[in-house]
Amino acid sequence: MTGDLSPDLTNMSIYANWAKCTIRYSDLDPNGHVNNGAINEFFEDGRVGFRNDRMISLGDEILTGFALVKFTVEYLAPLYFPGSVDVGTVVTRIGGSSFSLGQGIFSDGACVATAKVITVSFDPKSKHSQKLTPELRTILASSSLKL
Amino acid sequence: MTGDLSPDLTNMSIYANWAKCTIRYSDLDPNGHVNNGAINEFFEDGRVGFRNDRMISLGDEILTGFALVKFTVEYLAPLYFPGSVDVGTVVTRIGGSSFSLGQGIFSDGACVATAKVITVSFDPKSKHSQKLTPELRTILASSSLKL
Amino acid sequence: MTGDLSPDLTNMSIYANWAKCTIRYSDLDPNGHVNNGAINEFFEDGRVGFRNDRMISLGDEILTGFALVKFTVEYLAPLYFPGSVDVGTVVTRIGGSSFSLGQGIFSDGACVATAKVITVSFDPKSKHSQKLTPELRTILASSSLKL
Amino acid sequence: MTGDLSPDLTNMSIYANWAKCTIRYSDLDPNGHVNNGAINEFFEDGRVGFRNDRMISLGDEILTGFALVKFTVEYLAPLYFPGSVDVGTVVTRIGGSSFSLGQGIFSDGACVATAKVITVSFDPKSKHSQKLTPELRTILASSSLKL
């Protein structure tokens, strides 16, 4: 897998991992919509769920050895309380020391927001970026977009 | 129902209404526990769910004509991510212009926090407290602790 | 200092320590008021500021060796965005293994909420409550309500 | 001003408007850093402050007639509690029915995150996008990047 794929992130069938989140009353804005900040928290839960589900075999440390460096979100439709959302996550690029994820948030099957994420692996001690290990590359490949 | 009942709020069988909330990664404290603020949001979702489930027949305005004036919470056990909680809510007192609720948060059946809440009915225009209407008293009675 | 004092928590002059917090747009409810959850976060920042300001000399561990076990808040007036609040904190009781705090949140000098807090000291390893140390008792006494 | 300018968003001198936010204890992650979600809330407060400071003359409705459609953030450095941040905002593009903003978050003068934002003007009734009015274009131009 070379280069960053540009899949249709509004298509539920592309995702490798799913998380579910309930909407809270405190997520609501004065305009009665779910605040963008809450939507960003749903994306985060999708990413953490992806790590917990797929990478936990690599040990606890793997969970603290990543940094989110770039996050691009498109807000497509308003979201309301009460309810829940499904958050899909898929690997779209595996680089030397970083990888990219695509994400989508769905309410009753309708896409309300999509995100592109760049995550860098780093050494928690030196704080420098480090090569993705072969074990991690295998896991990422198994969670990648299928073409 | 006169006086404020003091039920055992850690007993799941006393509750009249239930809401379910998922825990978010962003709810976590530096110590790895769910922050008390998130627990308070779960209690809020229990109360809003109670209003939506039980009082919606009274019209939308009923939802804005209440003010939470006193909230007492006891934190009994730490809570962790990932997971979800069940929030139980029951009416424990029906007064002239106010009522009281008891609430409990449960994780896999274990109580992690309880709360007592006093809510006052007020006129959204005048901002003054007002008598609970007969319709509202009937609803509250049907959601009250059974002894 | 024996027994729990019941000072007028709406009186700014009783407080021993102060923190300042800015209100965020995301704190707003659908009704345009600051959500109670945000107000509870301001109280938390008052308590953490109190520990950082007064107890840091006892070492970092002191900050993780406390648990909030009971929190009682009274919401007195609505709060709006934008703006900031001042959070006052004072010790109202020093017990064997626990102590109590009184807190108040003020917007331009007007009290919008008050809280009573019970905090227990515990051993982070055994998870059991433990006696307040003499050093801690001295600090708490110096931050206590003056009568 | 045509096309989207690509200024150095880590340069404090480019910004037209500033907001200040305090960091909260509840913003902290299990790793002891300020959570990305809190950083996104600071960006939001920068945008709302920009609207309140610059556009309020256009009437209250102007504040509800915008939708954030795309948000791209780069996280450059960890941020810690306690403290506060300064959020700079500047107009980088004025289009037909949309405009773009650049933003930066600074802690003691050091940039910890930057963001690019696309906002669309829409008719709150029809929910369709609408042309930026001449009055709004004048305001945006006066808040634009100076080259």
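To keep things simple, chains are lettered A, B, C and D as they appear, and every chain counts its residues starting from 1.
In this section, a residue touches a chain if its C-beta (ideal position, glycine included) is under 8 Å from a C-beta of that chain, and two chains touch if they have at least 3 such contacts.
Computed from a predicted model, the values in this text were never measured in an experiment.
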| item | value |
| --- | --- |
| Chain of greatest Cα-centre distance to subunit C | A |
| Repeat of interface B-C, chosen from A-D, B-D or C-D - more than half of residue-number contact pairs shared | A-D |
| Geometric centre distance via CA averages, subunit C-subunit A, whole Å | 36 |
| Rounded Å distance between subunit A and subunit D, as computed from the means of their C-alpha atoms | 23 |
| Whole-Å gap between the CA centroids of subunit A and subunit B | 33 |
| Junction residues of subunit A - those touching two or more other chains | 25-26, 31, 35, 37, 41, 44 |
| Of all residues in subunit B, those that touch subunit A in their complex | 20-22, 24-26, 41, 44-45, 48-49, 52, 81-82, 84 |
| Residues of subunit C that touch subunit A when the two form their complex | 26, 28-32, 35, 37 |
| Residues of subunit A that touch subunit D when the two form their complex | 31, 35-37, 40-41, 44, 64, 67-75 |
